[in-house]
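Each of the next two complexes has chain A plus one more chain, namely chain B in the first and chain C in the second.
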Partner chain A sequence: METTSTFEKIFRGTALLLIVLFFMFPILWIFLMSFQTNETILRIPPSVVFTPTFENYQALITGKLTSAAGTLDIAFMRNLGNSVFLSVASVAVALVLGVPAAYAFARHKFRGSEDIAFTLLSFRFAPPLLVLLPLTQYFQWLGLADTYFGLIWVYQLICLPLILWIVRGYFEDISADVEYAYRIAGHSWFATFRKIALPLAGPGIAAAGLLAFIFAWNNFVFALVLASADKQPVTVGALAFVTASGIQYGQIAAAIVLSITPTLAIALYAQRYLVEGLSLGAVKG
Partner chain B sequence: MTTLQLKNIVKRYKSQTVLDDLSLSVADGETLVLFGPSGAGKTVLLRMVAGVIEPDEGQILIGGEDMAEVDAEHRGIGMAFQNFALFPHMSAFDNIASPLTATRSSKDAIAAGVQKVAKLLKIDHVLSHHPKALSNGQKQRTALARALAGSPPLLLLDDPLRNVDAKLRFEMRLELPRLLAAQGATVVYVTQDYKEAMALGDRIAVMSQGRIRQIGTPAEIYLAPADIEIARLFGDPTINLLDVVPKEGPDGIYVELSDVRIALPGMPGAVVGKSCVIGLRPEAIVFTKAGAPGAIPVAVEAETPLNEKTVTLVMTMRKREVLVSRPAGTPGPASGPAHIAVDGRTAFLFDKQSGALIASAAASMTRNGEAA
Partner chain C sequence: MASTARERKAASGFRISRKALPYVLSLPALLVCIGILVPFLSAVVYSFQRYRLSQPWARQFNWGDNYINFMTDPGFWNTLKVSLIYAGTTVTLELILGLGIALLLQRRSTVNNFVSIMLLMPLMTAPALAALMWKLMTNPGFGILSYFASLIGLEDFRWASSPSSALFTVVLVDIWVYTPFIMILLLAGLRSLPTQPFEAAALDGVPRTFVFFRITLPMLTPYILTATLFRLLDSIQQFDIIYAMTQGGPGDTLTVFQVEAYLNFFQSTNVGRSAALMVILWAITYFLSNVFIKHWLRLRERARGES
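After this line comes the complex of A and B, so read on.
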């Protein structure tokens, strides 16, 4: 057992507190902003004392943004729905395609396998803006511009390499002998994949899926260019708060709170798997 | 029960040849031990038979059928791995049941099959545990039970006792022959432990550098090792190896150790004048009194009492080290000058250059004895 002195405990506590404050302060501030009007937000000096208001949330949920210049329709709830649909569908497609591919890359060294895997990873090197212009052209020719199908396809650029490379590492971590043992016991390779490889790589797959979900959720530029208003996710939809009559800080804050809630909830729920999944050696028997 | 034949197997990894034109056949119901130092290619060979590695050249026949196009799951093999390779996410029961679920047996039949083999291996009380909760010995027994559960006609055991402690290894060394006999399977057993090889094998194939150096019964290999290396691998303490040049006298062929003549009856005349290495098992050397016939003066360097025997390191006049082993409790010098006597009938002669066995008096005697 390691013994810690009182000083060490206090020091450690203080350090942790400082770090938490540093990282959580912006989020806390946004949370407080979301319950304030533009006037209270912009007053100088700023204060944490205010009368909370639910105006911002109300405006978002009803879709009616009232400002000095008049009433404006915003589609925030629809954007939120789009975000959920696009992220979930993209991750689902990426898992269906990426997990078997990762297994193939991990277990079977075929000619060009390293090259293919690396090419897929290289999608993440290129700045999205670089591919966007030609992509928009092609999508217009193909009739894929402004469709959910097209968006989910483009989102694979984000999700697929992530899932492929993370999950591949987990499959490689599983001792080949364990799979051999199942084969020799009389099971087909597919049964071995389903009953041995998948469950053992489970935490890794969950972690990769979660990361891919967060990346897809946070994507801005693909959706900005390739989707029109009714298919835009929250990241793009938030632009609507920059109006002619000013920036609606209160609504932006409320929108941020609403849009980080799903990812935060999933991350908190899956924290255990994330830690388990992202630490090496988790699948050793 | 089935037979196994390997014909001219070759396996290369990059430029390294792991198995070099290896042929081997195992008879129905026989237990063949593959014995050799690590890196000899034993495990690769076993995996090839199991069907998880493919040979570059050569043929594998199980029960007379070519296995080239047969996948691992259809070869009818049970295999136990050195690192156990248990399924970490399944209970011991499900681990052992895996060969039975593959054949789509009924639930009751599976449960009965698992219980039976678990009782045999004395792990029926831990069946609900996951591998993480099992002790090393229980893991090893679970792995063995899994290999046995499907009653495979061919059983491949890859050094299953390597990762268990000495006490368990000793227990299992006694228990395994009975288990394997009850199973009635043809067995290929890989080990690096010569005692295990001697205890379990009907025959032993000694492997080194991707080739089979010698194959024979345990007695044949102990009494007539094909070369110096094999002689060194079998026996504890290791065999004494001394450079000698045999000479011919009026009473036949002899060698000289510290100017004392040791007669080598039954050796061929061709060895005379050749550079040889004589191999003397430590247990074939005895302490004797000064002046006794054939007594060689030595100085005792160190004495190591082991449980059932005492091993003494002695130094000859010309500073050559010799190990002498005697049963524990028998008298012998602990230090100072002493005399040893060597029975030439138990000696081996190896060619110094090639290391190959030229002749062994003991083997020729055994053969004569068997004939008579």
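After this line comes the complex of A and C, so read on.
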């Protein structure tokens, strides 16, 4: 359709190369760093030639960091476990609460339905600290301070609006006629929901769940304010680890690699749905 | 007769449950979130109080004093200024870059698809961890970027630890993380545009700059607005990157709203001031999100209509 000149080809190629370089370099560099000892990391000029070592990962996994100065305990695996638990539990709760609500909003225009849906959406855009700072005191009184339960509750602020608005879109895409036909055949509302609506919206619900998982995993401020060391996820834990271990750069890099791998893997797997998820259903991918 | 009676009964039972059903279904989700509204109201109350955690006995209502004091408080004006500069710079640069990259990748090809998937990686990295990655790369001792800076004659360029370059550094990290967000939204927008106007323009030999400014850009506007407002709302509230990178420092160079409120609460234990800051930020985001939701709804309608 359009003619591409050599100049344009070169321009495009160079631009693409620079873009990939800028956006991929940090991940690649930290990845390489995680297989190096401090001696090779500290070389000047920096070099990509080194003998890879698994010491850093070994230290993180065993939780023991042996250096010239002595042995240091690292609780990083605990942080990783916390991240997995908090994210999975939050998404599970958000799915149980959010999917039926999304179905209600998609199928029934009831009094106040849009208001409720928008109230939920507005949580996505409110400054988290506005709620978090008073919440620290409420959690003290309620005995929820520094509990997984309290954290999972607060994580609903990110997971629920996401699930609700994306899954609502998927339910709206299903023709209501199929459901009517099934109901007229004498099946109950719940059977229709379970046998028709859920399977048809299934892939969308799964994708929304994976996205909510990414957002929960990547969250930083909730746990920073509400969780103490033994409940902290990797985002907060890695920061504390930097302060505690000081100059163990190889381990820090390895900790970062372990912390970002799950979300990157999920993103690759669910990339088809990312556009829709990131825009809360406003843009179709 | 018996069967019709049963049918009628079933039908009436059906009607009642049908009316209540949506409420029953959405109630649990709502209840969970109402728990959140209570602390929100408390924050508003705190913002009208003299309330310091170090002097709980002196806690009392001072009504608008926290807000009135802001007028003469250079710290507040600094916070407002830094927040606006941060949001303005990041969103503008990300928009220009994101649009440029989306245009480059518009045509579907193996290479383009591969690049657009690669660009998702920074966006999926937790911003706090991204800040740590850049902190390692800008370390004055061994950081690769510090080394690059020295190669181009910037000996001893101190990135986030110097007041003159701290803002530049966090903006750079923000661009690294969030440009892909704008890029993938605009790419989806570009690829969903109807092809006829472009084919007609190509047939007529219309210059490409004209096509871009008169056809592409106007048709893409709803997507650009959505992406911009989304980013603006997040960027004015940025906390993760700045806190993980510098904790608002050096000095008060990067004390944006949420960082300043966090430090006020946990370091100077001035709950009243912290809450007042958050209420002002909330007012800003409330205004923005109302504008945003209007555009977003229109776009959503369109997306649903096309599918």
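As a working rule, the second predicted complex is superposed on the first by the 227 of 285 C-alpha atoms of A that agree within 3 Å, B and C clash if a C-alpha of one lies under 4 Å from a C-alpha of the other, contacts with A are read in each partner's own complex, and residues count from 1 in each chain.
Simple rule for what comes next: a contact is a pair of C-beta atoms (placed from the backbone, for glycine too) under 8 Å apart; a residue touches a chain by one contact, two chains touch by 3 or more.
Just so it is clear, the model here is predicted, and its values are computed rather than measured.
Novice: May I ask you to decide whether A:A181 touches chain B, chain C, both, or neither, giving the answer as first, second, both or neither?
Specialist: The answer is first: A:A181 touches chain B but not chain C.
Novice: Mind telling me which of the two, chain B or chain C, contacts the most residues of chain A?
Specialist: C
Novice: On the A-aligned overlay, A:L16 touches which partner chain: chain B = first, chain C = second, or both, or neither?
Specialist: After superposing on A, A:L16 lies in contact with chain C but is clear of chain B.
Novice: Using the superposition on chain A described above, determine whether A:L135 touches chain B (first), chain C (second), both, or neither.
Specialist: second
Novice: Now for A:F54: first (chain B), second (chain C), both, or neither, which partner does it touch?
Specialist: In the superposition, A:F54 touches no partner, neither chain B nor chain C.
Novice: Considering only touches as defined above, state whether A:L200 meets chain B (first), chain C (second), both or neither.
Specialist: First partner only.
Novice: Based on the superposed arrangement, let me know which partner A:Y103 touches: chain B (first), chain C (second), both, or neither?
Specialist: Once the two structures are laid over each other on A, A:Y103 reaches chain C alone.
Novice: Check whether A:V275 is in contact with chain B, with chain C, with both or with neither, and answer first, second, both or neither.
Specialist: The answer is second: A:V275 touches chain C but not chain B.
Novice: Can you give me the overlap between the chain B contact set and the chain C contact set on chain A?
Specialist: 189, 283-285
Novice: Contact residues on chain A for chain B in the complex?
Specialist: 175-178, 180-189, 191, 196, 199-200, 283-285
Novice: Which residues of chain A touch chain C in the complex?
Specialist: By the definition above, chain A touches chain C via 1-2, 12, 15-16, 19-20, 22-24, 26-27, 29-30, 33, 41-46, 96-98, 100-101, 103-105, 107-108, 110, 113, 116, 118-123, 125-135, 137-138, 153-154, 156-157, 160, 164, 169, 172-173, 189, 214, 217-221, 224-225, 234-236, 238-239, 242, 249, 252-253, 256, 259-260, 263-264, 266-268, 271, 274-275, 278-285.
Novice: Going by the contact rule set out above, which residues of chain C touch chain A in the complex?
Specialist: Result: residues 17-19, 21-23, 25-26, 28-30, 32-33, 35-36, 38-40, 42-43, 46, 100-101, 104, 111, 115, 117-130, 132-137, 139, 141-142, 144, 147, 176, 179-181, 184-185, 187-189, 192, 199, 202, 223, 226-227, 230, 233, 237, 239-240, 243-244, 257-258, 261-262, 265, 271, 274-275, 278-279, 281-282, 285-286, 288-289, 292-293, 296, 299-300, 303-304, 306-307 of chain C touch chain A.
Novice: Would you pull the chain B residues touching chain A in the complex into a rising list?
Specialist: Going by the criterion above, the answer is residues 47, 50-52, 71-75, 77-79, 81, 83-89, 98-99, 102-103, 131-132, 146, 150.
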